[in-house]
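Lettered A, B, C and D in written order, each chain numbered from 1.
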């Protein structure tokens, strides 16, 4: 078993990590960190648990440590659910100290030697870990993208071999993406907020890195443009997005590609049976009905129309955050980097 | 005063007509029709009034007539809030019988001699009424577009002189668009439904007609393509949409066009002070905060970004339905067709 | 294994039955019925599956039968998810034909020889099955109460030995209680509807029967009055209710009773570890956070205050409908009536 | 014209005051205060206006003052929308400085010489202003109750002459009651929160003071008990409540009292035509449909049933907050205290 920890374990994404790591076949959850205020308490007493599945008993007994590198000595891998401003330094320090960091934070995603990984799309980018080791780190940092970028890139995996140069995406994103306290009810009830800070920029640049090519020394960005328009809608979990691609081939060929695609990486505990579920019902996918497919790890795709247009949807705090980091960690173990 | 009636006065759009026609400076509401079941009752007793403003007293006293041409003899203009299947024949019959029909129904929108009018965009298409008169009708049919098409085309009015060939639009539409009974709560709570029957087709073809040119005998469609992706979101009133146009000019020029535009038609009672309100706050427009601007007749535009991308939003049952028909009728009177 | 069927398997409660019966340790699901329109199709093709957990594969292959007694010959027990008007006759016929009926329908709940059972409260009422057998039925009908009544009576189980004569309850009920199509979104968004047809009457009379005493020949109603005020609120699943009881003892004693209570019936597959979870956090229970406790079978109780006042909450389509019937069937098997 | 100000003008209740005071026939809005951060700016620039009606132009031009007594010299009356902790001292200081304070804050509601007024119920309590003047204040403090208490006491006005000793009330309160930022969306979406801090205590003690008798020197509390159970539900505006009273008379007599009641105070600008609207439809009142009745000042009552049970509902930020204070101020002017 690999000993793992969660940095920032009391927040919304931190709680998802704790939930998803209970009874994990590879990982033994031994360290949970939070602010100094919570340090020293049992996790059960430090956390205001707000998921609709119970707090795992074993995690509840862990004594919370402060989020400092010296508290993490026993961990082989730490999952980072820290806000970006806190994550920058501590993640770097962890990597130097020999710890593997699988981070959901945005701090290092665009770093030149840090892989930004979605296993179904660019597992080979993990080779960038070697760049970090060459630079003297015993550990490493591997990041997963922003939640909406994950749904988009997973949906592109089956059709990436079609030629296209122009991608447009309009998102309808869930409120849980902003954390438990992030959005006042008065802001979003009976409403759409057509703005999410930095979200469009993240989708545009992260997609090009993930879909890019690692040539052994650096990433060559994917050769298409991405234009995003990001909106918050009154949905609890599940990011839905309308995608346009200037693929010139007949829509039937694209449909076949979605249907026949098989995920190119082997079995991993968190990898769902179907990473992409291609739906033919005319009114699907829908977040409330489809977000828990594949235990929240499946991206559902539907409404494929000439254009090419389609809808993609996935669970933003599972597939789009904690589950994405855990899947990356499983791949890292599988590929022998731990 | 022009004597007017409302066909299908007990439904969601019908109730909006009744509300908006109370105390109208041009129009005297004298006829309300519904199914045979309601005929003969006072409107107050026939309707299950479900707007959040009270039923106008004067309308409440009107005895409901059956939706038949012979019951409409006293009306100069009738507003049609009928479902498309019922509207087809009766609207034609009314026009033959010398009545002006201002219809929110989709039945005749694409007819070759029927104008599909948004006053700020194509007031001159009203000249098509002459085609109908040439064909022997004493009355006429004038239609307004589908709700989402109205918001889109009004938002295009200030920038239509820029060159573009490719328009994409992803909508986030309110539940009131489907009528009082149209959408079960279990379908849309905590959910997005990425499908609205025929909505994409309507937006695509109606936009091209409205933005097209009437050459005296027929409409030449506008020379660009429209690709729509229509979604239902959990919002009561107000359709929001993300728009992309391949305008090559700098975004500042487009902003100036939005800011300096003035509506080219004269004063009309239902025409708001600003048909397009260009907002510079980074998170607007929002349906709950902006839908009642201009008494529900203003289309708010914001988040203008390179791309060209922007957000447009307007009230779907006022600007997008009953208010649109009434504004058309006012224009018709103003231009002397009544 | 006991062979079981579900009557009315395509509706909201029917789908819950199918979901909860998959891989059941006692029951082998062999028969699914629906209207003639669906008969002959595979269940997978007949149903519009709208739960957020997938349709169990094995159930999907069952050929749907028409809801007629002659189609049920192979079932030892049938679960009835029929509307009341359809349930009356067919349930009676099934019982005559030797089939055990565990019904969620309201038709026979108040019949003099039909037990209305909540296992934690009145398991001994199952003896009324003997009355039915004496009357010549080889099978039987056992009913569970209305969803809101179940939450109330389970919450009363730990404190029923305190003296009280006056019970008031104000409910805040979820929209799923009205079925998939039952409530238009326009009726309940941003709204409370302070009326649910017949619900108050059901809560008042069913509570008295369940809490009453079976003297071997008939039920003597419980000796207190129940006054209910039932409201629909914009919540998907989970009925919450504010309860007042004129218990004169100190609130601490009532708290102890809630804490120390143990369910008086033995282990059953669907019986949760805690039928009543007494919560001390000041703002719990809450439907979204607590409804899935005990796989949806736990009733959460909290906010115990002098008065005596408390809040009770449980999942209305699991504990309050399908799960209740299945738990009854398990108890019936356990007590040897099958 | 009476010169008036608003203390705490940028918050949720403060914005309602500003909206409702525009074009007021008695009051001339001259002073708006906020924290030091906003002082010196135009109100238009200091406020993040979030009502769905536009900011009144005239108010937008007012230069915001800091919330200090010395900034209020020109005001005859100030309306206090301050949080309780800030209100305590400044309201006292204003009264000493000769200013009339009409406060929505809870700080002084239970003070022995401060009237807690709902005009329809206890206009005569305004005589307590004389106690304050005897104590040396040139100005005064008059308070209005907590939002939920207002709906309850207005609903009691028509039936207060029936004998009862026991009042129970379960509330379903809107999210706007907690201010724009008060409730995170993740807390209340698809949820009920059965706890609102101090709300039950406020309802219980404020109701007894309002319904009590002023004997010239002090209030004798009303001779009945109040037991409240307060819940937050996912509704934007409008507090709904289920009420029980142990009135022994037939329900028809109570209905007659509701129907025949006339408000005992004379015309005031903010007093609606009907302070209590008694509804006979079986499913009303409902917050979304009925909250704007009487421009938000009417309390709707319905579902009167034996018990005596009924439902009351009113707009919490208009009738329950800013509108209540303004109505009090109008009464104060009318009675000659200004």
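Criterion: a contact is a pair of C-beta atoms (placed from the backbone, for glycine too) under 8 Å apart; a residue touches a chain by one contact, two chains touch by 3 or more.
Keep in mind the model is a prediction, meaning the values are calculated, not measured.
Engineer: When B-D is set beside B-C, which has more C-beta pairs in contact?
Structural biologist: B-C
Engineer: Which chain maximises the distance between its CA centroid and that of chain D?
Structural biologist: The most distant chain relative to chain D turns out to be A.
Engineer: Roughly how many whole angstrom separate the Cα centroids of chain B and chain D?
Structural biologist: Those two chain centres are 40 Å apart.
Engineer: How many Å are there between the centre of chain B and the centre of chain C, using C-alpha atoms for each centre?
Structural biologist: Going by mean C-alpha positions, chain B sits 48 Å from chain C.
Engineer: Please list all residues of chain A that touch 2 or more other chains.
Structural biologist: In chain A, the residues touching two or more other chains are 50, 189-190, 234, 236, 288-289.
Engineer: Quick one: in the complex, what on chain D touches chain C?
Structural biologist: 168, 170, 172, 189-195, 200, 227, 229, 231, 233-236, 238, 240, 242, 244, 282-289, 302-303, 305, 307, 309, 311, 313
Engineer: In the complex, go through chain A and note every residue touching chain D.
Structural biologist: 12, 50, 175-176, 179-190, 234, 236
Engineer: Can you list the residues on chain A that touch chain C in the complex?
Structural biologist: Contacts found on chain A: 50, 52-54, 189-190, 236, 288-289, 291-293.
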